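Only one structure is covered here, and it is reproduced in the block below.
For reference, chains read A, B, C, D, E and F in written order, and residue numbers begin at 1 within each chain.
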Amino acid sequence: MCLAIPARIEQLIEGDSAIINLGGMRKEISLALVENIVVGDYVIVHVGYALQKLDQEEAEHTLALFAEMSRMAGLPDKEP
Amino acid sequence: MPKPRPLYSRRGRVEILHGSGGRAMAQLVAELFKVAFDNAWLEQGNDAAVLPQVSGRLVMSCDSHVVSPLFFEGGDIGCLSVHGTINDVSMMGAQPLYLTASFILEEGFLFADLERIVASMASAARDAGVSIVAGDTKVVEKGKGDGVFITTTGIGVLREGIVLSGDLAQPGDRILLSGTIGDHGMAVLSRRENLEFDAPIFSDTAPLHGLVANILDCGARVRVLRDPTRGGLATTLNEIAQQSGVGMLLDESAIPVKKPVEAACEFLGLDPLYVANEGKLVAVCAPEDAVHLLEVMRAHPLAREAAAIGEVTEDSRRFVQMATRLGGRRIVDWLAGEPLPRIC
Amino acid sequence: MKYLDEFRDAALAEHISASITREATSSSGYRLMEFCGGHTHAISRYGITDLLPATIRLIHGPGCPVCVLPVGRINQAVRLVQQRDVILCTYADVLRVPCSGQMSLMRARSEGADVRMIYSTKNALQVARENPERQVVFFAIGFETTTPPTAVAVKQAHASGMENFSILCNHVLTPAAMQAILSVRTGKMLDGFVGPAHVSTVIGSKPYERFAAEHSKAVVIAGFEPLDVMQAILMLVRQINQGRATVENEFSRAVTREGNLKAQKLVAEVFELRDAFEWRGLGSISESALKLRPEFSRFDAELKFGVDYVPVRDHKACECAAVLCGEKRPQECRIFGTVCTPENPVGSCMVSSEGACAAYYSYGRFREELT
Amino acid sequence: MPKPRPLYSRRGRVEILHGSGGRAMAQLVAELFKVAFDNAWLEQGNDAAVLPQVSGRLVMSCDSHVVSPLFFEGGDIGCLSVHGTINDVSMMGAQPLYLTASFILEEGFLFADLERIVASMASAARDAGVSIVAGDTKVVEKGKGDGVFITTTGIGVLREGIVLSGDLAQPGDRILLSGTIGDHGMAVLSRRENLEFDAPIFSDTAPLHGLVANILDCGARVRVLRDPTRGGLATTLNEIAQQSGVGMLLDESAIPVKKPVEAACEFLGLDPLYVANEGKLVAVCAPEDAVHLLEVMRAHPLAREAAAIGEVTEDSRRFVQMATRLGGRRIVDWLAGEPLPRIC
Amino acid sequence: MKYLDEFRDAALAEHISASITREATSSSGYRLMEFCGGHTHAISRYGITDLLPATIRLIHGPGCPVCVLPVGRINQAVRLVQQRDVILCTYADVLRVPCSGQMSLMRARSEGADVRMIYSTKNALQVARENPERQVVFFAIGFETTTPPTAVAVKQAHASGMENFSILCNHVLTPAAMQAILSVRTGKMLDGFVGPAHVSTVIGSKPYERFAAEHSKAVVIAGFEPLDVMQAILMLVRQINQGRATVENEFSRAVTREGNLKAQKLVAEVFELRDAFEWRGLGSISESALKLRPEFSRFDAELKFGVDYVPVRDHKACECAAVLCGEKRPQECRIFGTVCTPENPVGSCMVSSEGACAAYYSYGRFREELT
Amino acid sequence: MCLAIPARIEQLIEGDSAIINLGGMRKEISLALVENIVVGDYVIVHVGYALQKLDQEEAEHTLALFAEMSRMAGLPDKEP
């Protein structure tokens, strides 16, 4: 449930809002539910609202974990 | 007696009397449609156009156009209504020749918008080498229409030896697609009220008869041509599978989608496979000819990103299946319901 | 698309798949519930089943807000918009949910009711502002993700003194549903949960801890991308193999233990717990849904227009209840694919592409002859 | 897998999904349109119909039909949409062969009504010996249409030697009318909201190609044929006068009007000369042939009350004038505005 | 059609024509005003001019309710329907009357205003009943014929306690207009009037007696059929030849000296005289129009919605005023047939087929090159 | 001004109304403005209301007058 998409904050605009950019698609969303957002942040967007800031370090960590688990499984690394 | 002044002006609006059959309508036809579409048949002003004898089988198709908004990135309802019908005629392998265009105008529609649309139709027809030889204008009361609806019917001529039909796909045949999908539908959606977004997305609306001519001239054994419009690529392929009594297996990673289209689809919970195209075609051809045909297609400006996206299979259930980019498999079903943005 | 494409990588999927296959060797198998429709959708759309060994049995959960809404709630909205001169705004997902008398909000619209599809609560407020002489009702549904935006809208309407805006509140709570699942037969037999993604961004991972602690169920909160789901399955297999039952967080890029406190605070300001709420499939669950606090009660369309909720039974052949508890698979409903299809849904699970029946019909039904 | 149940039932209503291009639309086309129109071209289900080669010049015309109410005494929008286009094709002297039919349905429209309309179209086409070979279905949101709009385009074939055109009327030519005027328009008006009245008035909607064939076969030198539809007889005659650069002089007492039509017109302040017909034609012919032609027309069931109503005059101002039944003279002008009931 | 066909008989017309030709021999000619648009229409539609000798000069009078309505009155209605969420009902004749800014009620509708054409005041009440939550305004125009039906509607609305119905009252009085005509140059030069037909069925022939007595004008009340008009002309010629000036009644089949007392009473119950009312062409005329009595003032849309009447000047090239006084013929207006046409009327006389300009344009303009 | 037509009363109906018949056209009108109307009467109808009863004797009288005037004018009688 609850379709939501990580998108990059491209511009902060008045009224606690922002323009997000997702693969070239730009749309105004509300920041009423989040705090301390700056340009360059990624947020999870749902029905026009940022639900949560995306933790980029954690994302990298998760991806690293995938790779690591594969390595643990004795499989070749993913080609870059 | 001096001539009465023109009955419409760029600043004016369509009134009921412009569709009542009287002098106001006659003037609208004379001052707008005849001037823009500029051909001897309309000029004659008879009940019907008398066209030259043609040699070859006739091909005939029609479509009503009800797009909202009327203007969008990359096109408008005017050129769309010309391309849409030209393309259907072309999909049988025919050379489109003549169009009729029927307008249902809503009372209060701006003449400035109508002029823009008519100019777009005229230039689309001119570019495609077809003439708009007959037309009709109706005006409905405010609230009983939606600006303008345009219905076009086209006829074309089919030379000997060309046999294309949705029921000719055979197991083993290859499925080629002339370019990226979803551009038209997302360009329109991006301007839809309550959904507006900005994106470098442009309708692909274009006349495909030139591409079709190249396809037919190259010697490939083509079974089916079809333009994946409403319902998108998914539905078009299901139609062909249904008609031919076959299955299909697509390769998701081979299907070209432009980045912003993919992004907008993700954002709104839509699948580009179900989003409309207005300048693309699907070709089903014999497996041996697929490589050559793909080259021929890619040589045409409207199909530079053409791709082989799958093959026809034997399947009495007529399922279109797809190898997902993740390595799994799934059905690509007919469009069910309407392609509306999801929130869940 | 950054943070999407990376989580859809085929090579990584193959690796994770291989790990699962290698590790999921328990002869008793792994009964895992993917709680959310978002997971169900990812599994179907990416064909993840093909990448899992036969020991993994995935069971669809009730995490689809459209699916769990009882018929009577749609009836209530239809009645309101048909009998009163209101504009009813709602998300597109709700429009086609069938209710009594072969009705739906879409059909009510087709018969003349003023039902409008919106994308955001902002649009609903906009409609109210543009139609000052008419009453605008927002049919609010959804879990903890969709509730905060409704709270924001109500607060804004309150602040600007809007007289013509109200909501039909159908916001429900995820942990209550998970609790309810654990009380039915199928739920008790589960080995673990693939836990909510976006709901958890709001409520955090903490609310699930009692399911691990008290019910000994493994829980892995997972994103909605295919690798997220596969990784979560792998993590669950490992917990189960190790006899552990804890809450793990695969979706750490968006979910913290505490969740979004600002959003939680907003929701708490505007809403309070209902004593009980009826769920399709799960029956009446106490403290499983929200209602407006007394200070916002003038925005409550139920009170404002006096439209009561009247419980009604599902269509007699409908197996949605069993499907939503994981007791039946879609294809075990005897009207699946014949009377009940995505074009003409009889049950709610056939409406949203996150519904178990719709997902199976649209993406998975080629498997039928194969099993 | 068992077949899904039909997607529409007589008790149902049109939904947006019936026009979205998906499975619901495919089923609607298969279960309603293909069954009713019943021909090989529709059955094929391709983008366009491939028709046999025809010999002779092609004649092509289109009309959108937006009548309200949809059902009226003597007809409905369905048969009207078939007759309207057949007649325009016939007015050039051509044999109508094929039609396309495009439907713009309003969300919520009753399928029972649609079925009735489609059945009426099918039987009108069958009776007239034409096939509806291609079609299209769009659904617009509630409040953006008006039940159903139907656009038809027809093609026909014109044999050698027939030259009819609105610009061929010559001073001295006689003007013949195939029967009473105003029947269609008043039949529709009598069912219009706020105006309802009871009267034995029936739309004259009918296909005229049979009558036209008789006219062309009889040897009379016919210059112009035209069906006086929207705008009525008055406007049609003005169009011809305008195209041919001539005047006309009509004899009011020679123009047949049925009693109840005349009465209803009097009551509402309308002039039958401006009321629409859908099964009548005007023929302009050489003076020497008028008597014979009138006999030929009267021998046809659709023109029993045919009458010679006036003659073509020389008039650089292109006025259509009329000797009134009182013995005076007046202009019969183009329709101006819309034909609305007057109270003063 | 009984009582119509007999009065359209060509042979009788020829006889009357011959009588007129034989008798209308005064070298100074006969300047006769056909007061009503109904007469103008009959003269044009039947080509009666061809049946009259050159000595008869027919002058169009102001008896066309659409023609005499000043621009400001249409502006008022347009303003009301554009600015307030009302449904404005009116007779079709009014829809295309041009007002300021190239507007009209029809154009207001095309831009989204809710303007509805009705055939009878009954329909207006019906619209009000069917739309209880909206305000319905009936734009009431007309002379003494159309006023009684408005009175009936107002009384019915009053009796049933309707809250959402009101009228913009533009009902005017024929005798006042005739009086005004007699005070202008052209009027003074008239030899006689073809007097109103259907108006007289209501008010009777008595109100015209003072014009005969005080102004020495011959008056013959005549029906709207062509023989009625011709017979009236013959009767006027005879009065004039004999130096008489009385009120004669050619339309005795429908007109009595007292008129319809029941209708008069109804009108008097609901309406009272306005102090003054502006007429197009004739300027402000005292006691020439009606307004609602105080006990019915809640049905007065002018008061209810606070829309004032603001007088505005006619289009600067428009000669309607002169045409309505009989001072100019339509073709003497320099925009006649070029800028001002029935499709695009600039003045009100080009709208109704009873308007002098429209009648001449549509029926008579072939005569132009001939004179 | 004031388009009105003489029509025959075919049927009296409730609510002070009647069905008129004009050359085969039937329509409901209001009798609120007239009195003592019976079936067979002719009334002058305007915007859905009978404005006045038509005096049939006077109508015949007027027609006779036309004929008489013609006679006075020494013209032949109208053929029947």
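In the analysis below, contacts are C-beta pairs under 8 Å (C-beta built on N, C-alpha and C of every residue); 3 or more make two chains touch, one makes a residue touch a chain.
Going by UniProt, the chains are A, F = Hydrogenase maturation factor HypC; B, D = Hydrogenase maturation protein, carbamoyl dehydratase; C, E = Hydrogenase maturation factor.
Given the structure is predicted, the values throughout are model-derived calculations rather than measurements.
J.: From subunit A, what is the lowest number of touch steps before subunit F is reached?
T.: The fewest steps needed to get from subunit A to subunit F is 3.
J.: If you average the CA coordinates per chain, which chain's centre is most distant from that of subunit A?
T.: Max centre-to-centre separation from subunit A belongs to F.
J.: Once you count every C-beta pair in contact for both, which comes out on top, D-F or E-F?
T.: The greater number of contacts lies at E-F.
J.: Nearest whole angstrom, what separates the Cα centre of subunit B from the Cα centre of subunit E (Hydrogenase maturation factor)?
T.: That gives a centre separation of 55 Å.
J.: Can you compute the centre-to-centre distance for subunit B and subunit F, using the mean CA position of each chain? Integer Å is fine.
T.: Measuring from centre to centre gives 61 Å for this pair.
J.: How big is the gap, in whole Å, between where the Cα atoms of subunit C (Hydrogenase maturation factor) centre and where those of subunit E (Hydrogenase maturation factor) centre?
T.: Chain centroid spacing, subunit C (Hydrogenase maturation factor) to subunit E (Hydrogenase maturation factor), equals 68 Å.
J.: Let me have the rounded angstrom distance from the C-alpha centre of subunit A over to the C-alpha centre of subunit C (Hydrogenase maturation factor), please.
T.: About 22 Å separates the centre of subunit A from that of subunit C (Hydrogenase maturation factor).
J.: Scan subunit F for residues touching two or more other chains and write them down.
T.: 1-3, 5, 22-23, 46-47, in rising order.
J.: Which residue numbers or ranges of subunit B touch two or more of the other chains?
T.: Residues 1, 16-17, 22-24, 141, 259, 262-263, 266, 269, 317, 333, 336-337, 342-344.
J.: If you look at subunit C (Hydrogenase maturation factor), which of its residues touch at least two other chains?
T.: 1, 4, 14, 37-38, 64-65, 91, 119-120, 142, 146, 341, 343, 354, 365 - these are the residues of subunit C (Hydrogenase maturation factor) that touch more than one other chain.
J.: What's the complete list of touching chain pairs for this entry?
T.: Inter-chain contacts occur between A-B, A-C, B-C, B-D, B-E, C-D, D-E, D-F, E-F.
J.: Of all residues in subunit C (Hydrogenase maturation factor), which touch subunit B in the complex?
T.: It is residues 1, 4, 8, 10, 13-14, 17, 37-38, 44-51, 64-66, 91-93, 95-96, 117-120, 123, 142, 146, 226, 341-343, 352-354, 358, 361-366, 369 of subunit C (Hydrogenase maturation factor) that touch subunit B.
J.: In the complex formed with subunit C (Hydrogenase maturation factor), which residues of subunit D make contact?
T.: 1-5, 7, 13-17, 22-24, 27, 107-108, 141-142
J.: In the complex of these two chains, what residues of subunit C (Hydrogenase maturation factor) are touching subunit D?
T.: Residues of subunit C (Hydrogenase maturation factor) touching subunit D: 106-107, 109-112, 337-339, 341, 343-344, 365, 368.
J.: For the complex, give me every residue of subunit A touching subunit B.
T.: 1-3, 5, 7, 22-27, 45-47
J.: Where on subunit E (Hydrogenase maturation factor) does subunit F make contact in their complex?
T.: Subunit E (Hydrogenase maturation factor) reaches subunit F through residues 1-4, 6-7, 9, 11-12, 14-16, 18-19, 22, 36-38, 63-65, 91, 119-122, 142-143, 145-146, 148-149, 152, 196-199, 201-202, 224, 227, 231, 234, 250, 252-255, 260, 262-263, 266, 354.
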